[in-house]
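Below you'll find a set of structures to go through.
Two complexes follow with chain A in common, the first pairing it with chain B and the second with chain C.
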Partner chain A sequence: MSKTANRLQSLRDSSLSRRNFVIGSGAAAVGGATLLAACGDDDEAAPAATTTAAPATTAAPTTTAAAETGVGTTTLGSNYSDEKPRNALAAAVAATGVDTIINTIDHNTYQENFNTYIQQPDDVVAWFAGYRMRAFASKGVVGDISDVWDNLPGMSDGFRSAASGLDGKQYFVPLYFYPWAVHYRKSVFADNGYSIPTTWDEFKGLCDTMAADGITPLCAANDGRWPQMGMFDMLNMRINGYDFHVSLMGGRENWEDARVQNIFSTWEEILPYYQPDPNGRTWQDAANALGDKSAGMYLIGTFLTSNFDGDTQADIIDDIDFFLFPEVDPAYGQDAIEAPIDGFMMAADPANEEGAKALLAGLGSVAAIDAYLSVDPSVVAANSNADTSGYNALQKKSAEAVGSAKFISQFLDRDTDPDFAANVAGVGIADFLATPGNIGTILADIEAKKQTYTFE
Partner chain B sequence: MVGVPAALHIGLVWIPATLTVILSFAEWDNLAPLSDIRDVGFRNYWFIFTVFEGDLFGALFNNFVLIIWLTICSAIGMLFAYLLDKNIRGSRFYQSVYYFPVVLSLAVVGFIWKSTMFSRDRGLLNTLWPGGPIDFVGDGTKIFSFDLPFLDPALGLSKNFAALLVAMAWRHIGYIMVMYLAGLKAVDQALREAAAIDGCNEWQAFRRVIFPSLKPINVIVVVITAIEALRAYDIIAALNEPRGTDVMGTLVTKSLLGEGGGRVGFGSAYGVVMLLLCLGFIIWYVINHYRESEL
Partner chain C sequence: MSDTAVAAPPAAKHKGPRVKPMRLLLYAFLTVMALAWLVPVGTAVYNSFRYWEADTQPNGAFSLPETLTLDNYRDAWNVGEMAKTFGNTAFIVIPALFFTLLLAAMVAYACTRYSWKFNIAFLVLFTAGNLMPQQVLFQPLFQFFKRMPWPDILSDTDTGSLLGTKIAVILIHVAFQVGFCTFVLSNYMKTIPKEIDEAAAVDGAGVWRRFFKIILPLTRPALAALGTLEFTWLYNDFFWGAVLLNRGDERPITSSIAVLNGQWASDFNLIAAASILIALPTLVVYLILQKQFISGLTLGASKG
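The block that comes next holds the complex of A and B.
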C-alpha cells in the first residue's frame, strides 16, 4: 500500500482503497507470488484503453527531439487512467511528434503490479521520482537516459538530482509535481485577523487562538496510513534537516535515536489541536472540515482542491491558499519542501530505443507540458520554461515554493522502501496518533522491524 | 471427464501452493530474475514469529474471533430460517430483507459500511448515536485483551474489528438463512407430523427430528463458515486495513503486493501459516466426516 501514493490521480476517486484488493484477493490466498508473476507474463494483464497519439500537425512548436524524423513507433505504458489526465497525456505525447501507442492501465492496478510489469514493459513507462525510481534503476530494470538529459532545457538541478539514480546517471524525466503545504481559507484568516505563522511558536500560538475562537485548528486524516506521513516528513526536515531525513529513509539511522524521539515529542505538542480520531478519517472527510470552515489549517498536497467541485464549490477553491510549514529549528529554516514528482522512465531494453528517447526528450520539453496543461491545468509543470499564464494563484505559488526550496523530498513512501513505509513506519505513525504515550515502545518496534529490511 | 478438471485443479491450486511453500524459504523481491532467488532457510519464519509476532498473532487471533463469531451468526441464520419456514405473515418480505446483503460482494459491503454507516463525521451510526462520535473505522483500542508473557502488544478484540464483525454478520446471516430455508423445505412433512403425534414439543421436534435431517446442509454450513472465517480479506481491505483489524489474508497481501518492492518470502511465509491452518481444519473435518458415515 499501499503502499504508495498515487495521489493526484488516485485521490480524485474518493475513498477507494489505494491497494487494488480485487487483484490481491484471488491471487494472494494461495501461492500468491507465483500466480501474480504468471499473470504479468502475458500482455492480457494490460491495456484498459489504447490511445494512439499520432504526430499532430497542429501541435505547439516541436522540440529538437521531436523534429528528428524516422524514429518509428514507440509504446508508452501509462497510469493516467482518469479521463482528464488521460486526455492531457495524449495531448502531451502528440506534442512531442513521436508516433506513440499509449497503453493506459488503471492506476491502482498499474502500481500494484509494477514489479511484474516492469519486467516486460512498454518502451517508456510512467512512474515517480525518488527511492521508487532509484530502486528500479539500481536493479537494472530501467534504462540509462543521461543523454536525454543533455538536452532538456528548463529542467532545474533540483529535478536533475530527483531524476538521478544512486550511480549519478539519470533514469527519469519529470513531467509535473505537487507540493505539500499548510492549506487554509483566506476568508477565515481575514475575518479573524490571523496572520501566517512562520515559526513553530507562532504556529502553536495560532492554533491556540483558533481553538479559543471555536475553530478546530488542524484537519487530521490518516485513513490508509499515509496522510500523516506528510507531517512526519515535514517535522523531520524542519527539526533534523533534509540530510538526516534522507539518511533515516535510507535505513542508515536508528529510529530510537534522540533526534527521532524529538520529532514525536514536537509532534505531540500539536496533537491537541488535531481533529479527534485521525486514524479513521479519510483525507476527503478532513478536507470537508476545511470546506465548511469548522477547521482552520490542513497540511496536505495541493491536490486538496480536487476534493471540491469545480462548478458548485468554486468559491471554496478560490478561497484556499497555503503557506510553507513553519520553521522549527532556525538552523534549517524553511529550506525543504515535500513535492512528489511524476514523470517517465525508459525500459532497460526498449523495442525502439531511439523512439523511446525521442519521446522522453519530448515529454520533458516545454511543448509537451504546455499541451498537458491546456487539458488538465491542475498540476504544476516541472519544466521552468512552461507557459504559466494559465496558472491560478495556487499553482503560481506552488511553482515559486518549489523553485526556491533548497531541498525537495518526495514523500515517505516514495523516499524509502515502500514495504517498510507501509507496513512498519506507517503503522508506527498510526500507533503514535492513537497512543502518543507509547512512543518509546513504538520506536523500538520500528527499529527492530527495520533490521529485517536491506534498503538496497 | 474428471481428468481435465483434476489437471486444472492441480495446475492452478496445488502447484502454486507448493511454490508458495518453496518461496517462503527464499528471499525475492518479485523483480530480480528467478536465478537471483536466495535460499534463506527458516529466516522468514524466524522474522514473522519473533520480530513481526505482534502482527502475526494479532491476525491469527482475529481469524479465531471470526470463526467463533460466524458460527454464532450461522446459528442465528438457522433460527431465522426456522421462523420464516413457518409461513408467518410477510415471510417473503423478511426473506428479501435478510437476503439482500448476500448479493453484494463483501468488498462492496465494506465500502457501504465505511462511508455511510461507520464514518466518524457523517456516518449514519454516529448521526443516530446520542453520545459523542465514535471512530468505528480507526479506533484500534481493545475491548478486552489477554496479556501473554511472550507477546507484546496484548492479544485482544479491537473496537474497529468488532464494528467490522457487525457488517460481516449483516451478510453472513442472510447467506446461511437461505441455505437452511432450502433445506427445511426438503424436510419430509410426514416427519414433523409423526413428531407432533408422538407428543414432541417444538424444541424436541427441532432438536431430535428436524436438525438431524438437515445434516447435508449442516455439513455445508460448517465448511462455509470455517472457510469464510479463514479467508476473510475483502471487507478489511475495502476499509483500508485499519489498525487492529489485520487477518491472515491481509498480512499475506501486504507483503506480496507493493508498488516498489514486494517481500515475496515474507508474504509466502504468512501464506504457509494460513495454508497449514486450512489444512488442519480440512483434515480434522474429513476424518470426522468419514468416521461418522462409517458408523
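The block that comes next holds the complex of A and C.
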C-alpha cells in the first residue's frame, strides 16, 4: 500500500508542476486569445478538486457518495488530448469529487497502443462502447463494473446494452455521444427553396436540382479510409435493417450476398453527385466546401462544426443543420441512427478499486456530464437527466434524433474487429469509390479475407 | 563530398565564354532538384508564422499572408508542453548517448588491439545487430520489462517494474546503438597505428590509461561524427517512448507533435511550428560538433 501511495504522491507532484506551468503560460498568453484565457481558468479550477486530500473543500453538493466516504486517490487514463475536451474532462472529474490524477495521452497513440497500454493501465481508462469494448472485456483485461450500474440513474437500457459484454455484465460507463447525419446549410436550402428529403427518391431528386443549380450535391471525403464507412453503415441499415448490419459486422454474413451487393448498387446511384476523387480528400477539406457553399450536403458526425472557428466563422456554425439519412426501404424507415458513444472502463486489477468504481459512478452522473458540457458543448450527454437547457439547436436535435431512434449503431470501425474494419472493409470501400465497376471482385476479396478473422 | 565535385569545375571555366549545353542542363536539373527539396521545408517555415483557420486554410499555403504571427510557436510550446517533453528527452538521450559511445569504444578497442579467439566473431555479432529491425524484438522486450522487478530507488517513475520507466528506454537505446557504434569505431581505431599503443605500453601505461589517455582522444573525430548521428537518431525516436512509457507526461519531445494533432481538426501551421522547434536542437548539435566532424575527415586524410 505504501508503495502505491508513494507512486501516487510522485505522480501528483509531477502533475501539479505541469499544471502550474500551464497556468503560468496560459496567463502569459491572455493577450489576444480569449480561448487561451478560458483554458487557463479551467486549469486553475481542475487542480483544486484533483489535489485536495480533504474532500470537504470540494464545494460540489451534487457529487456521489464517494466524496464523503474518502476512497483515496485514483488514476484515470485519458485520450482527451485536444484542448477543449481535455479541460472539459478535468471539469467532469472535479465534479465527481473523487481525488483523481489524469494521465493524458494523445488520442491517436492511445488508441493505437491500447493493447500495450492496458497491460499497465491506470485504474480507470477512457474507451469506446460496443464491439471495441467487448473485445477487451472478453479477454479479461478490463473489470466487471455491474455493481456501479446498480446505481446509475438516468442511463437508458440502450446505453446499458451498449455498455455490456457478451456475458451480459457491464464493463463500461458512457459519458457522451455524437450522431452522424446529413448536414446542410439552412441559408442554402432557404435561398434555393430546397426541402428536406425523407425518402431515397426525394434525396436523389434534390441532388439533381442542386447539380442543375451549380452546387456540388454531396461533400465526399475518405482520407484515412474512415469517413465513407458512415455512408456504408447508413445504407446497410436503411436497405437491410439494423439486425442484418449487426450480423454482417459480426462476421456471420456472406459479403457476396445479394443484400450486400444491393448496398453498393444503391450507393452507385449517388456517386455522380459526389465531389470527385473522395479517397484523397480529408473530411476537413470536404467540410470547407460546405463552408463556402460550393457543396450542398454532407453525411458526417456532428463534430463537423469543430472544423470552423468559433469566433471568426460563427455565422457558418450557426447556419449548419442536419436531417436524418433518408428512408430507402419503407420496411425499415428511418429507424436506425449512427451515434458513437465515448466513455470509461475499469482496469482488471486496479490499484484502488474502490476509488475507481467511485470515479466511474461519478462520471456516469449528471453532475459530471453537466460540467463536461459547460466546457465542450459539441457532444450530447448520455445521461438522460443531464441539464439540456444549455444545449444549442444542434445538440437538442441530436438528443432527439438519438432518443427517438429504435436502433443505435456505433460506427463500422467500432462495431466489428478494428483490424478487419481498417484493413479489409475500409480498403474495399476505398476500392469501390475508385472503381465502382469492380465491386464483384472487391466483395469476393473481402469475403475471402474475412475468413482469417475470428470476430470472437 | 558531392558539393565540392560540383563546385570545382566553374573555376577552370572562367576563360572560355562558351557555355556548354550539357552544363546548362546540369544547372537546370540541380536548380529544380534544390527547389523541389526546399519547397516543403520553406512552406512549413513560412506557414508556421501564419494563422491556420483565418488565413492558410481558406487562402491556401502559397498565398500572401494576411498577418504574420509568432502565436503558433507560443501555442505549440504551451499546448505541446514542450518544456517538459524536452526535459524527458534530455533525460533519455544524454545518458543513452554517453553509455553507447563509452561501451562501443571499449568493445572496439578490445577487438582492434587484442587478438583473442572470438575476436572476429564478436565483431560480426555486433555488426549483425544493426541489421535487425528493432520492432521485431518489441514483444519479448515488453514482456521482459513487465516481469522485471525494479527497485524504486533506481527508477524515475515508480511502476514496480522496468516497464513504464525512462530507464527502460535508455537501456534499449544503448543496446541497439552499441552495435553500429562498435562497427564504426573499430574501423576507425584500425587506422590508428599500433605503434602508438606499444610505445605507451613500453613507457608503462596500463590498459585503462592507454584507452582513456591515448586512443579515445585520437578517436575524437569519429566520436563527434557518431555523436551527431546518434543524437539525431535517439532524439527522433517515437516508437520506444510511446510503447514503453504509459504516462503521457513522461513521453519524449516527439510525442508533442502527436498531441498537437487534433482528434477531428488539425491546425497544420501549429504542427509546422512545433516541428521547427523540435528540429532546432539537432541543428544546434550538428553546428557545435561540425568543426570536430570536418577536422576529423581531413585529419584522417592527411595521415594517409
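Throughout what follows, the second predicted complex is superposed on the first by the 390 of 456 C-alpha atoms of A that agree within 3 Å, B and C clash if a C-alpha of one lies under 4 Å from a C-alpha of the other, contacts with A are read in each partner's own complex, and residues count from 1 in each chain.
Just so it is clear, a contact is a pair of C-beta atoms (placed from the backbone, for glycine too) under 8 Å apart; a residue touches a chain by one contact, two chains touch by 3 or more.
Source: prediction; values computed, not measured.
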For A:Ala448, select first, second, both or neither according to whether it touches chain B, chain C, the two together, or no partner.
-> first
First, second, both or neither for A:Asn288, with chain B first and chain C second = both
Touching A:Val375, do we find chain B (first), chain C (second), both, or neither?
-> neither
Does chain C touch more residues of chain A than chain B does, or is it the other way round?
-> B
Please work out whether A:Leu271 is in contact with chain B alone, chain C alone, both, or neither, and reply first, second, both or neither.
-> neither
Touched partner set for A:Pro418, first chain B, second chain C, both or neither | first
Where does A:Asn279 make contact in the superposed view: on chain B (first), on chain C (second), on both, or on neither?
-> first
Please indicate which partner A:Pro85 is in contact with in the superposed arrangement: first for chain B, second for chain C, both, or neither.
-> second
Taking the superposition as given, does A:Thr116 touch the first partner, chain B, the second, chain C, both, or neither?
-> both
So the chain A residues that chain B and chain C both touch are 3, 15, 18, 21-22, 25, 29, 32-33, 36, 116, 119, 288
Using the touch rule from the top, collect the residues of chain A that touch chain B in their complex.
-> 1-4, 15-25, 28-37, 111-112, 114-116, 118-119, 131-132, 135-136, 139, 141, 222-225, 276-281, 285, 288-289, 417-419, 422-423, 427, 430-431, 434, 441, 445, 448-449, 451-452
Chain C-touching residues of chain A, taken from the complex the two chains share | 3, 6-7, 10-11, 14-15, 18, 21-22, 25-26, 29, 32-33, 36, 77, 81-83, 85, 103-109, 113, 116-117, 119-122, 283-284, 288, 303, 306-309, 312-313
Partner chain A, residues of chain B touching it in the complex | 13, 15-20, 23, 28-32, 47, 51-52, 54, 107, 111, 114-115, 118-122, 133, 135-141, 152, 160, 231, 233-234, 237-243, 249, 252-264, 267-268, 271, 274-275
What does chain C use to touch chain A in their complex?
-> 53-54, 57-58, 71, 74-75, 77-79, 81, 83-84, 142, 146, 152, 157-161, 163-164, 242-243, 246-249, 251, 255, 258-259, 261-266
